[in-house]
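Note that subunit A is present in both complexes that follow, paired respectively with subunit B and with subunit C.
Here is the complex of A and B:
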C-alpha cells in the first residue's frame, strides 16, 4: 500500500546557544489560533503538541477513524525536571496536575480533545529515531485498515536552564539549540497520484543491511537528497553520494522530523532519504515527492 | 485483528518478576493464594514524611535496588520468556521489542540526582537520564535484543498497547516473533505523585468493594514472547483487541462507562466474536472509587449477563504501565493451568456498582477471555485472548 502524506505542519524555534539565551518564547498567545477551548495549566510540551498539530490540521476537523501517534525523544522533560527539583530540593510532594503532566501521553489527551479524536491514541518513543517509531506504528495500522488516517507528530521541548538542557543532549553550551513540533497527516493513497508519499520506513540491523537497502533504488541520484546526523564512516561509505539536505536546524531530538518537514515544504530534490545511526543499527525513511 | 486469519499471534513464552516472586510458578502460586503481604514504605524525603502501602519486587537472589539490579529484574523476566519460547541467541538480533512503562528509568534518574545533591555537586542535574531508551538499551547490550524497539508511554495501558501492536505486527507479516515487555520499577515520582492525587489506599486494595478507598502501587516486570502460528494449533492466542481515547477527563474515565464500553465492543468486533463468547473478564480494577464506577458501568453496558470476572491488582499492586504485560502473563499462566485466579480484597457488594468479582479460583477452559486496561490521559485498551486446546 502506498501511504500518502496528505498534509504537514509544525511549530519550530531556533533558540540559539545555551550560554547566550536564558528563556524560551511564551507559547500561550499562539494557542488561541489553534485551540477550540482554553486549556488551563497545560505544560510546554502539550502547548507545542497543540501548536504543531493545529498547524497541520488547519481546519481542525478530522474523520472519526483517525489514529493519533505522538513521539518524542525526551517527552515532557521540563515538567519532569520541575518535579524532581520540587521533591529533592524543595522537599515538596508534586501537585496532582504537575505529576500527571510528567506522563507524556497527557499531550495526546489534549490534542485528541482539541481535534475531537476518539480512536487509538499512542505515545511511542525510540532514543534516536522517535519519528521512525511512530511512522512504523501508524503505517502498520493504515495497512491493516484499523484506521483511515494517521496524524503523526514528533515533539521535543527545551527545558530551562538551557545549559542543563544542553548537557542532557550531550552538547556544549555554545551549540545552537532548538525545539519543535512536527506533524504529518497520512492516509492510504487513492487512485490518483499523490504529490507526496512515505515510501519506506525501516530499521536495519547493520551496515550490510543499509547497503542492501540503498541498492534497491535505481532512480537517478540527481533527484534524491538525504539527511543524516553523525553517521559513522562505514555507514557513510555504504550510502551513495547524495546531495545533503541543508536543513539549518538547531540541536534537539526531533531534528530528523524537522528535516522531513523542510524537505516536504521546500523545492529541492524529488526524494528524501533519512538515515539515523543508533547503536550499530540504522533507521531509514524515504519520502517521494513534495507537498 | 481479523478472526480466522491464517497468521495468528500465539503467546509462547512468559516471564514474571513481581512482589510475588521472580519465577512464573512462584507468581502463579502467589496469585492463587489471594491477599498479599503489603509492605509500608516511608517517603522520608519530604518535610512531612509519608507512609504508603507498597508491593516491591521480591527477588530470590536478594538483588539490590539501583540500576544494575533493577534492570536485572527486567532481564530475568525476559530471559525466562525467551527460554520458554525457545528463541536462540541468533534470532534475538532482529526480533522487535515492544516495551511499555509509565516511568522507564525515572528511578535511576532520581538516584543519580539525589546522589549528586548529597555530594554537594553544584552542577547536580535533575533528570540526567532523559528519554525513554535506557531499558531498551540494556536489553540490546546485555541480552542481544537489537531489533526495532517501540517504547510505549500511555500510562497504565502502555504495555497493553505494546502487546496489541506486537500481535498486529505478527498478523500483518512484519515479523515472525516479537517480545513484549512491561516494566515498572520503584521511584519516588510515582509514589509521591499518586499520594498527592490522593489515589492511594490506606492499607490494602478492595476492588469493586463497597469499602474501596484506593490503590496500592507495585513493582513488576512482565515479558511475553509472541510468535506467528496457524489457526489450527492449540495454545493461547491474541485473538483481537482495541485501543481508544476517552477525552472526558485527563485522570478519570467517563463515569457513565460509555467509552470503556465502546473499546470493549470494538475489541469483540476485532476478534470476530459476539459478547456471549466471552468466558471471563480480567478487569482493570484499581479500587479507586471513580475508576471502579466507570469500569462497572462499562461492563454492565456490554454484558447483559455478566461473565465471571477477576481483578489482579489487589494481589500484586498496580504495576501501572507494566500491568498490560504482567497481568496478561498471570492470566495466560493461569489459563494454561486450567484455572481463573481469585480476586483478593473483595468482600462487600456495592449495589451502586452492581457487579461482583470472583473471590475464589474456578476452572477455566478453552474459549475467549477479555482483559481490560485503562489509564490516565484517557487511554483505554481491551485485549481478547483465545485458548485453544492442543490436539494432544
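Here is the complex of A and C:
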C-alpha cells in the first residue's frame, strides 16, 4: 500500500546554546488558537503536542477513525526531572498531576480530546529515531485497515537548565539546542492530494543491510540525504550518491522530523532519505515528493 | 495570621495549585469547591492536590475520613480546619 502525506504541521523553537542566557517560551498564549477548550493542569510536553497537532490539522476536524501516534526521544522530561528532584532531593511527595504527567501518553489523551478522535491512540518513546518508531506503528495499522488515516507526531521538549539538558543530549554547552513538535497526517494513496509519499520506513540490522537497502532502488541524481546524527564512516560509505540536506536545526532528539517537515514544505519532486544510527543498526525513511 | 488573611491565602493556593483561570478574589468564602455541579467545578485530582499543598504549607493532613474531607467543602471550611485546635 502506498501511503501519502496529506498534511504536515509543527511547532519548532531554536533555544540557542546552553552557555548563553536563555529561557524556554511560555506556550500558553499560543494554545488558544489551536485548542477547542482551555485544558487545565497540562504540562509543557502536552502543550507542545497540542500546538504541533493543531498546526497540522488546521481546521481542527478529522474523521473519528483517525489513529493517533505520538513518539518522543525523552518524553515529558522536564516533569520527570521535577518529580525525581522532589522525591529524592527534597524528600517530598510530588504533586499528583506532576506525577501523572510524567506518563507522556497523557499528551495523547489531550490531543485526541482536542481533535475529537476516538480510535487508536498510542505513545512510543525511543531514544533514537522516535519518528520512525511511530511511523512503523502507524503504517502497519493503515496497511491492516485498522484505521482510515493516521495522525503521527513526534515531540521533544527542552528542560532547564539547558547545560544539564545539553549533557543529556551528549553535546557541548556551545552547541545550539532546539525543541519541536512535528506532525504528519498520513492516508492511503488516492485519498487526497498529497505533498509526498512515504515510500519506506525500515530498521536495518547493520551496515550490510543498509547497503542492500540503498541498492534496492535507483536513487535519482536529485535524491538528498539528511543524517539525523553523526553516522559512522561505514554508513556514509554505504550511500555515497546522496548529499546531505542542511536543515539548519538545533540539536534535539526529534530533529529528523524537523528535517522532514522542512523537506515537505519545499519539495518539488525530489526524494528525501533519512538515516539514523542506533547502536549499530540503522533507521531509514524515504519520502518521494509530489511533482 | 488572622482568619481573613488565611482565607485570601487559601484562595490563592487553590487557584495556583489547580491551574484555574479565575482570580483568587473571585472565589467566595462559602462557595462549594469540589463537584461538577458547582461553578468552580474542581474534581478529585484537584482535591488531592489541594490536600497535599495544605499539608506542605500548614502541616494539617486531610485524610479520607468524613470529618476532615469536609474541610474541602469551601474556603470557610478549609480555614476552620487549619485553625482548629
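Note that in this section the second predicted complex is superposed on the first by the 273 of 291 C-alpha atoms of A that agree within 3 Å, B and C clash if a C-alpha of one lies under 4 Å from a C-alpha of the other, contacts with A are read in each partner's own complex, and residues count from 1 in each chain.
Note that a contact is a pair of C-beta atoms (placed from the backbone, for glycine too) under 8 Å apart; a residue touches a chain by one contact, two chains touch by 3 or more.
What you see is a predicted model; the values in this text were computed from it and never measured.
Participant: Check the contacts made with subunit A and report whether subunit B or subunit C touches more of its residues.
Facilitator: Answer, by number of touched residues of subunit A: B.
Participant: With both complexes superposed on chain A, which partner does A:211 reach: first (subunit B), second (subunit C), both or neither?
Facilitator: neither
Participant: Can A:117 be said to touch subunit B (first), subunit C (second), both, or neither?
Facilitator: first
Participant: I'd like to know which partner A:38 touches here: subunit B for first, subunit C for second, both or neither.
Facilitator: Once the two structures are laid over each other on A, A:38 reaches subunit C alone.
Participant: On the A-aligned overlay, A:89 touches which partner chain: subunit B = first, subunit C = second, or both, or neither?
Facilitator: first
Participant: Once the complexes are superposed, what residues of subunit A are shared between the subunit B interface and the subunit C interface?
Facilitator: 92-93, 95-96, 100
Participant: Where on subunit B is subunit A touching in the complex?
Facilitator: Residues of subunit B touching subunit A: 45-47, 50, 93-94, 102, 106, 109-110, 113-114, 117, 125-128, 130-133, 136-137, 140-141, 146-155, 161, 165, 168-169, 171-172, 174, 188-189, 192-197, 242-247, 250-251, 259, 262, 375-379.
Participant: Hey, which residues of subunit C end up touching subunit A in the complex?
Facilitator: 17-21, 45, 48-49, 52-53, 56
Participant: Can you check the complex and tell me which residues of subunit A touch subunit B?
Facilitator: Checking each residue of subunit A against subunit B gives 68, 73-75, 77, 80-81, 83-85, 87-89, 91-96, 99-100, 102-106, 108-110, 112-113, 117-127, 133, 136-137, 140-141, 143-144, 146, 164, 167-168, 203, 205, 253, 279-281, 283.
Participant: So in the complex, the part of subunit A that touches subunit C is made up of which residues?
Facilitator: Going through subunit A, the ones touching subunit C are 38, 40-41, 92-93, 95-97, 100.
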